[in-house]
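The data blocks that follow each hold one structure.
Here come two complexes built around chain A, the first alongside chain B, the second alongside chain C.
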Partner chain A sequence: MDIFLLEAVINGLLLAGVLALLALGLNLIFGVIDVVWIAYADLVMCGMYAVYWLFAEYGWPLPLAFAAAIVGVAALGLLVHLLIIAPILTSAPINQLLATGGLLYFLQSFATLLFGTDFRNIGIRLPIIEIGGIYVSYARLLAFGVALMGAIALYLFLKRSYVGTAIRAIAQDREIVGLMGVDQRRIYLVTSAIGGALAGLGACLLALQYDVHPFIGNTFGPLIFMICVLGGLGNMIGGFIAAFIISQIIAIGGYYYSTELSYVLAFMLFIVLMFIRPQGIVSR
Partner chain B sequence: MKENSVVVLVGLAILIALPLVTSAYFLHLAIQILLWGFVYTAWSMMGRFGLVSLGHGAFMGIGAYVPALLWNYYDMTPWLGIPLGVVLSALLGLVIGYPCFRLKVVGHYFALVTLALSQVVLLSIVAARDITGGSLGMTPRSIGHSWYALQFPDKIYFYAIAVIVWLLGLIVWRAIDQGIGREALEAISDDEEAAAAVGIDVTREKLRVTVISAALTALGGALFGQYLMYLNPESV
Partner chain C sequence: MLSLADVSAGYGSFRALFDVSLSVAAGETVGVIGPNGAGKTTLMRVISGLVAAVAGAITLHGRSIKGVPAHRIVAHGIAHVPENRRLFPRLSVEDNLKIGAFIPAARQHFADQLASVYELFPKLSERRSQPAGTLSGGEQQMCAIGRALMSRPKLLLMDEPSAGLAPLVVQQVFELIRRIRGQGLTVLIVEQNVQQVLDVVDRAYVLEAGRIRLAGTASELRNNDFIRRSYMGL
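Showing the complex of A and B:
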């Protein structure tokens, strides 16, 4: 196999980790609250700005900046739920879509207003590792590892803890759960906060690799939605597989043709797959 | 009804009088308002029946790029190019809508499929940068005032076009609103299974409104392109 192709495949694999993590957060919110947060990727953008400002401008140590970003975006997730989602929980999906769509434009415009359209970089260059002629950036490796750990932590939380069980129960049947003595509103809040925290974690990992600008959410936002749906709702393994497939298409397509065309391919595959297997590639 | 027609007449009078009394900038705003109003009307023909489309950017994009490309490369007049874009866009609506409706891709999922569609069109335009100028956008070749090229430096012409098109949008809206299809579509958006059970052809009703909506959106996109004389993928 061509060594550059192998490099593309590996980098695609590493990208898949972060995308899967974000898709998980979205999946959780979609599955539990039954609302699509169109603005999810823009919460990630906010997190990246948080990392940038705290670390590069205010000189906080990186782990502290990361922690602050995660907590901050989790709080933002709570706010989104309380201010935007909670009042329209029972309205038609269209209203919910439009409301979170409005949030998307609000966040993008607000970020443009505050920070301008400059591309900002936190200014860390992690070393690049060479393994047998293949160059892999340490940042991506780290991101993949952390994303994997984040996903495992989430899995354990959902499987082992009481709140996690309640969250899964709501995703299965939101009407019966109330009868079992679960406070739905509280679970929704917890879910929003976890979704936000995952967006924050994703933001930290992406901030290591990419420059932040107000419209960065547009570049991978649609991708996350595709992965979330392709993986199947409430299906973590499926999310990972979908993330892997999508990012491989992008990596390999980008290697042979051009990045845009590989995205086109990925989205067309998504449309076709939605027709063939609307329940996700790995159905339960 | 009497009062209604008075309101309509007064409204029309104001629209006609507007360009006589306002500045060029205000006229520019009015054109934009009318065109966006038109596109929104086209969108909400689907939206009101629970067909939330995030893919109308794709229809607008096709409507705008097809006539501009044909004009720039083949000297084809927008009088042909725009209908072609509209037809293509309606076809795309058909191609994406038919499987969606047949296989019951509804609600959030429909929105996501259309979102993917808009990404496909947007990224294709960017990818074909040799022809379309990519993210930098493109400019239809300007030849000054010309009916043939549908280019009018004087805003008043476009204002008239925008008013007419906007009215067209409202008329179509009204036709759908008062036609039998509306009842069917409302029934579908309430409960698809039940609607199918009472003999409504769900797929056909949805397709019809989708194709109309896609075609009108493309027309809106084309006029935006002709008016602004500049297209870029982000704006669609």
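Showing the complex of A and C:
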């Protein structure tokens, strides 16, 4: 294999890690609460601004800024549920989509108002590593590793803990979990906070690689949705696999043609797959 | 232990229960029999808080539990085996049992209780890591009962445990109910299988069109002409 192609494949793989992590968060919320947070990528944007301000402007140590961003976006997730989702939980799905879609524009406009449209960078230049002629960005490698650890931590939480087991059960029978002493409202809050925390973690990892600006959510938000739908909405394993497929299409397409065209290719494949397998590539 | 006085309940404007009064003493096994649509399931759901009573009183050990939401009822020592079992089909058998021990008081005893449920149902132990949806009907019923037992209840509500099961499996389920009551658990059981349920209960109520029509000990009801004609086809 061509060494540059291999480099593209590896970079695609590394990109997939963070996308998979964010798809996990979105899928978790959809699977449990049955709502799609259209503004999910914009919560990531908020987290990136938190990292930027705390680290680059106020001089907090990076780990502390990261922790604060994760906690902050988790709290934001709680607020999204309490203020926007909970009041319209029983109304039509289109209302919920419109409400979280409204949140997207709110967050983007609010960020523009507060920070302007400048591209801001936290100013950390992590080295590029060379392995046998292949150049890999250390930031991406780190992001991949941490995203994978985040995914494993979520998996263990869902598999091992009582609350995690209740989270998996509630999507299968919302009424009957109550008979086991599970308070649906509490599980929804925990799920929203975890979804927010994953967006916060994603924000930390993306802040290492990209500039933050009010519309950064638009660059990868659609990708995350496509990944979730491709994997089967609410299906966390499917979303995880789809993240790697989509990232490879973009990476390899970007190598042979251009990144823009590879996005076109990815979305075309997505539309075609929706005709062939609307339930997603991975069946339950 | 449990007492209902003039309880009425329903769904929206539809009334399913009218002035129902019944009681269950500690250690007793009590049945509620009646035709389809008589309100038997609603009765169970009112007790476990899934359906709100619009009138009347529900007390447990003399304290009102009316209006207590379902997720708090289990901590009062009531476990409900719902109609159609309602397992979590994609969770493993053991995860279904684990959810049964969700309340903090039950979590402490999880390992012991799991061992005793597996002792009661060795089949569940064999299939512990299998998705509950892949179990046979009888095994699913055992899993549903096991899940309820995991909360270490004082009172077990069973809604049509024999429904949809093969005759041989129905026998096993009733045998099991006999064993459970032998362990000192108080049981309130709703059934359409009148002949068999009267063999395992101390007393029973007949619920028809949302009202208690008749009540008595198992032997009284077995010899009652109305019961023999309407429910046993004799």
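Note that the second predicted complex is superposed on the first by the 280 of 284 C-alpha atoms of A that agree within 3 Å, B and C clash if a C-alpha of one lies under 4 Å from a C-alpha of the other, contacts with A are read in each partner's own complex, and residues count from 1 in each chain.
Simple rule for what comes next: a residue touches a chain if its C-beta (ideal position, glycine included) is under 8 Å from a C-beta of that chain, and two chains touch if they have at least 3 such contacts.
Remember, it's a predicted structure, so these values are computed and weren't measured experimentally.
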Quick check on the superposition: with chain A as the shared anchor, is it clash or fit for chain B versus chain C?
fit
Note, angle between chain B and chain C viewed from the Cα centre of chain A, nearest 10 degrees, works out at 100
Partner chain(s) touched by A:R168 [first = chain B, second = chain C, both, neither]:
second
After superposition on the shared chain, which partner residues are touched by A:L97: those of chain B (first), chain C (second), both, or neither?
first
Between chain B (first) and chain C (second), which does A:G59 come into contact with in this model arrangement: first, second, both, or neither?
neither
I'd like to know which partner A:L179 touches here: chain B for first, chain C for second, both or neither.
second
Report, in whole Å, the shortest distance between any C-alpha atom of chain B and any C-alpha atom of chain C after the two complexes are superposed.
20
Per the definitions at the top, what is the overlap between the chain A residues touching chain B and those touching chain C?
none
Spell out the part of chain A that touches chain C in their complex, as residue ranges.
162, 165-166, 168-169, 172-173, 175-184, 284
The chain C residues in contact with chain A across the complex are 48-50, 69-75, 79-80, 82, 86, 88-91, 95-96, 98-103, 106-107, 147, 151
So, in the complex, the side of chain B touching chain A is made of residues 47, 50, 52, 54, 96, 99-100, 103-105, 107-109, 111-113, 115-117, 119-120, 123-124, 126-127
Chain A contacts chain B in the complex at 30, 36, 92-94, 97, 222, 225-226, 229, 258, 260-261, 263-264, 267-268, 270-271, 274-275, 278
